[in-house]
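Below: a set of structures, written as structure tokens.
One chain, chain A, links the two complexes that follow: it is found with chain B in the first and with chain C in the second.
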Partner chain A sequence: MTILGELALWIAFPVALFGTVLAFVGGRQQRGDLVLSAERAVYAVFGLLTLASAGIVAAFLGDRFEYWYVWNYSNRELDVFYKAAGLWAGQRGSLLFWVLLLAMFSVIAVFTNRKKNREFMPYVTGVLLTVITFFLCVLLFAEVNPFEQLPFAQADGRGLNPQLQNYWMTIHPPTLYLGFTAFTIPFAFAISALLTGRLDSRWLVIIRKWTLLSWFFLSVGVIFGMRWAYEELGWGGYWFWDPVENASLLPWLTATAFLHSVMIQENRGMLKVWNMGLVTLTWTLTIFATFLTRSGLIESVHSFATNSTIALIFLAFLGVTVSVSILLIIWRYDDLKAENEIQSFASREAAFLLNNLLLLGIAFAVFWGTIFPLIGEALTGKKVSVGPGFFNSVNAPLGMVLLGLMGVGPVIAWRRATKRNIKKNFFMPLGVGLGVFALLVALGSRQWMSLITFGLSAFVFTVIAVEFFKGTKARARIEGSAPPTALLHLVSRNRRRWGGYIVHVGIVMIFTAFAAASFKMELIQTLEPGESVTIESPFGHTYTLTYQGVSTALRTRNMEWQAQALLTVARNGKPVGSITTEKRMYLTYPAPVTEVGIRSTAFEDLYVILANAEDLGRALSNDAGGQRATFEVQINPLVGWIWYGGLMVAFGAMVGLWPSKGSLAEHRSKATPREATREPVGVTV
Partner chain B sequence: MGVIIGAVLLVGGVVLFVLYPIIQGQWATLHRTSDEGTEADARKRVSLLALRDVEMDFATGKLDEEDYRALQSELSHAALKAIQEVEVQQKVADLVGSTATGSEALEAEIAAVRVGIAEGRTCASCGHVNSAGSNFCASCGEPLGG
Partner chain C sequence: MNKNHRFLIGLVGVTAVVTYLIWTGVSKTMVYYLTPTELLAQVIEDPTLHDLGLKVSGRVVRGSWVADETGGLEHHFRVEDLEDPSVSFPVVYRNLLPDTFNDSDEHVEVVVEGRFRQDGVFEATEVLTKCGSRYEAAPEAVT
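What follows is the complex of A and B.
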């Protein structure tokens, strides 16, 4: 199986390369047979890559330690679950996995467009196969072939990094990769639109769902990564502005900008060059993110050994694709002229434009902060690091303005807002926002940035709630239905808009959680069994944790030892349960790792870290006198809102993604021409 | 031996699968098919969606009467124009499909000319109906839109 997989990978490369040539020549010469062959090449490459990936998984499951990749990321004792996930555990496998997912999306794009959008398809197929060919080229020729064999088979593998032995690790990378790779489809359509000169509204209509799909996976992937960091890294945070975290955030930011600015193009015929630029930029950033992670150029929890060949190949590819995209946009500049101008800065289009500028501003700051250490090191030869301080101080104010805009955008009028419009729509939400701010100040809080964020969040939330209320009321009036039915119809008739609002609610929850982090409580205490520590929650109550002792296990399946501390928890003196936190020494990892204990409620997490077992040797031999241990106890207020908010974001995106049927279907219906022309102009809301 | 047979089968299968359309002379269509949206359809759809947004904004009190009227008129005009184009395209498609009767064919031609005149696309010199955005007649070369 594994030999067949390796063979499949080698065959996939010439097939993809040949398919690329066929697609571009077929498109240029309008040769339907060549294009059909190129499309078949996409299917063939996907089949071959599936075979190659199955080969790697089979090698992991079969403990084939003659393969360098398997030897490095697995061992006999590893869970089958993590063995199967070995495909994306390291640099080599994850590059193969990346291109497998891209091939999968390419197959979906080619298959669903086999009877429509045909004029775009030669170049779409060409672009997709170009990207696939590039990745295959990297896999085969940049010393990262996952099928590389060692001179002799090893008895056992080196094992998987324990920090990666977490279920979030098994789903976080695939989700993020799905987001990265799915964005290649909009990019391919954009390039095809530029090459064919068909720059009307059609390509935008075609890519809308693809963009949203990619955005959905990117959002969920980033949130999964935060959850993994929170659970596994054991420092009570979820975002550290790690270069690879940043790299995954960058395309998310620009894709978010595009999802908003595309609405201006649709409604007002403006920002065509800008939108084209955003699609290109977002795609470039997905490749940049892959490059940053997989080249090992920047030190991070995610990255692997430095490989300068891969870095050079990636940089060359990025350089060529960016240059070609820019040249194509310049070439078609005349066809991308705006049909309207912004009439007033108090208008929805201006709000969207500002939203775009802020998102790009944040993206630029993140990008700069991420690559600055590289540039600094290249120029001065010294390692420079940019810490969370820089990112927070630049991005927090921009993020707050962005948050505020989320309340302005939905209710401000297109073209120009009148005083009456502003007064009517903003008076109440602003009142609520200011009320929340004033209340918190009155309660004695002086964390100004957080308080402003809470106020803004309340403002935005009220705006959205009023939107739903008014919309449902208007709908109920029009169709004479009960409010729940009216709400359902309201959402289903304009899924993108209302799905977008649901996403906004999720983002508000996430921002609220970020702001609440400044109210975090923490203390470090060394305890003997029977001793207690009390911590006060920012919500006023107290938690008392009583240390019961350590239970240990020696020489388990894949661990040298495991020490689990048990603490009982009382809230305001009333017992509410217990919490455990561990230190583990894996056989395959040089240092002990920590498993934190988390007790979550809707408003706060009690987060306990076993920082140190003072006399480990005696503790491990179950000596009652050697149980003294140091604990770090934290109360993380509203941290759960990030995960609930993430769910809300995912739900909203799914509402937007849900296929719509009815009067405004994307393509002309099967109805007779006579029926089709009867579609009313005055569309009901 | 098994590996070699597997390899040969795999390579042969893939080559045959990919090259089959070229060998058999199978051609994929590279043009818009008649049952899918045209550029005018896309414009119609976009204008109608925008119009729906404006209607919604007005119904929920986000737009003043005056702005609502202006936007509605602008978008309705764009939607109508797109719809007219769609109609013309459909009638022409029907004609090509040879299912239309003589009077319908005439009606379609009149409609096409009417839209052409309204947009300055019908050539004053030879009567040819040019495609949207044309500056010169594709038939006789005379300047359009005078």
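What follows is the complex of A and C.
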């Protein structure tokens, strides 16, 4: 099986390369037969890559430790679950997995467009196969072949990093990868539109769902990563502004900008160059994110595996693709002129534009902070870096303006808002926002940034709630139906709009949770069994944790030892349950790992970490008096709202993605810009 | 006002704000990355180094780790230069240490972030460990 897989990988490369040539030649010479062959090459490559990936999975399941990759990321004792996930446990398999997902999306794109949008397909196929060929090239020729064999078969593997042995591990990387790879489809259509000169809004309509699909996976992937960090890395936070985290955030930011700016192009015929630029930039950032981790380009305490060959190859590839894209945009510049101009700052297009500029501003700041060590060293000759403080101080104010805009954008009129429009839509929500802010100040809080964020969140939430209320009421009147039915019909008639609002509610929840983090409580305490520690919640009540002792287990299946501390929890003196936190020493890992104890409620998490203390050694040797242990106890207010908000975001995106019966007709009518709104050519943006 | 310039005004405005935020952000939070040898040599030439945010990477000196739990948790240990183990300085840290931290023979590499006090003790606000090159930490191994 594994041999077959390796063979498949080798065959996939010439097939993809040949297909690329066929697609471009076929497109240039208008030869349908060549294009069809190129499309078949896409199917073939997907089949071959499926075989190759199956080969790797089979090697993991079969404990084939003669393969370097399997030996390095697995061992006999590993759960089957994690063995199967070995495909994306390390760099080599991840690259194969990445190109497999890209091939999968390519097959879907080629298949769904086998009868329509034919004029775009030659170059779409060509671009997709180019990217696939590039990745296959890296896999086969840059010393990262996952099928590489060791000189001697090993008896057992080196095991998987215990921090990766967490269920999020099986789902977080694939989700992000789905997001990264899915964005290649919009990029391919953008390039095809440029090459064929079909630059009306048709290509935008085709890629709309693709962009949203990619965005959906990116959002969910980033949230999963935060949840994983919160549960597994055990410091009570979920975001560290590590280069790798930042790299996954960058394409999300620019894709979010694109989802908004595309609406301006559809409705007002503006921002054509801008949108082209955003698609290219987002795609570039997905590739950047894919390679940043392993290149060792940026010093991160987390990135050890340095492979500078890969870094150079990726940088060269990015350089070429970005240059080609920019040249194409310049070449077609005259066809990308705007059909309208911004008439007023008080208009929806102005609000959307500001949203775009802010999102790009945040993306730039994150990018700058991430590569700052490189710039700083080049300029000053000294090694410098910026930490989480930099990212928070730059992004918090920008994010707050963005949050406020979420309340403005959906209800302000296109073109030019009248005083009446503004008064009607904003009077009440602004009142609610200010009310919440004033109430919190009256309660005695002085965390201004957080309070303003809470006020803005209330404002945005009210705007959206009023929209839902008004829409449902109007539908109920027209149909004479009950409110729940009316609501359902309302949403299904314009899934994109209402789905977007649901996403906004999720984002508001997440912002609220970020702001609440400044009310976090934490303390560190060393306890003997029977002793207690009391911590006050920002909501006013207290928790008393009483340490009951450590229970230990020695030499279990895959662990040298395991020490589990039990604490009982009382809320305002009333027992409400217990919490456990433990240290584990895996056989295959040189240091202990912590399992934190979390007790979640709707409004706060009680989060307990067992410290790395020498005392544990005495507990493990069954020393009766050696049960002393040190704990860090935290109260993380509203942290759960990140996960609930994430669910809301995912749900909203799914509402937008769900195919609707009338969607085709609706697309067509939107595809042709209404003549009535056409005005003399204005700003060329 | 020329209507055509509205976009440009917005662009310039946002760019100015972002630049200002980045500028102040960098000047407030920038830290210098040094080795123990560089730290001890440079601090003699330039005493203002005591007031700057610093990151120093080195190795935990074997057997130097003492946890003092009287009056709150306090960790004391020494960090030596990777190249020249004879150069080292004391560190104090008042938080939980990472799981991979220890002062045994395993030669744990650490990055301490904080300030180098006038009395020659490094007051760390953050201690990060690197352990053996093959163990990549969680999110990075797969992202």
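One rule holds for everything that comes next: the second predicted complex is superposed on the first by the 642 of 685 C-alpha atoms of A that agree within 3 Å, B and C clash if a C-alpha of one lies under 4 Å from a C-alpha of the other, contacts with A are read in each partner's own complex, and residues count from 1 in each chain.
Note that in this section a contact is a pair of C-beta atoms (placed from the backbone, for glycine too) under 8 Å apart; a residue touches a chain by one contact, two chains touch by 3 or more.
Just so you know, these numbers come straight off a predicted model, no measurement behind them.
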After lining both complexes up on chain A, report clash or fit for chain B versus chain C. fit
For A:W414 in the superposed arrangement: first (chain B), second (chain C), both or neither? first
Thinking of the overlay built on chain A, is A:E467 touched by chain B (first), by chain C (second), by both, or by neither? first
Does chain B (first) or chain C (second) touch A:G361, or do both, or does neither? second
Rounded in steps of 10, the angle in degrees at the Cα centre of chain A between chain B and chain C is 140
Touching A:Y589, do we find chain B (first), chain C (second), both, or neither? second
Counting only touches as set out at the top, which of chain B and chain C does A:R571 meet: first, second, both, neither? neither
In the superposed arrangement, which partner chain does A:H489 touch: chain B (first), chain C (second), both, or neither? neither
Is A:L36 contacted by the first partner chain B, the second partner chain C, both or neither? first
To be precise, I mean the smallest distance between any C-alpha of chain B and any C-alpha of chain C in the superposed model; what is it in Å? 18
Determine where on chain A the residues touched by chain B overlap those touched by chain C, and list them. 682-683, 685
Given the complex with chain A, which residues does chain B contribute to the contact? 3, 6-7, 10-11, 14, 17-22, 25-33, 35-37, 39, 41-43, 45-46, 48-57, 59-64, 67, 70-71, 76, 79-80, 83, 86-87, 90-91, 93-94
In the complex, chain A residues that touch chain B: 3-4, 7-8, 11, 15, 18-19, 26-27, 30-37, 39-41, 43-44, 47-48, 114-119, 121-122, 198, 200-202, 204-205, 266-267, 411-416, 418, 420-421, 424-425, 467, 470-471, 474, 478, 493-494, 497, 664, 666-668, 670, 673, 676-677, 679, 681-685
Chain A touches which residues of chain C in the complex? 3-4, 6-7, 10-11, 14-15, 17-18, 21-22, 24-26, 28-34, 55, 67, 69, 72-73, 95-102, 106, 111, 113, 126, 128-143
Please give the residue numbers of chain A that touch chain C in the complex, ascending. 72, 88-91, 94, 158, 161, 163-164, 166, 169, 172-173, 176, 225, 228-229, 232-234, 242, 244-245, 247-248, 289, 293, 299-305, 341-343, 345, 350, 353-354, 357-358, 361, 364-365, 368-369, 372-373, 376, 382-387, 389-391, 393-394, 397-398, 524, 526, 583, 589-594, 609, 611-614, 630, 632, 682-683, 685
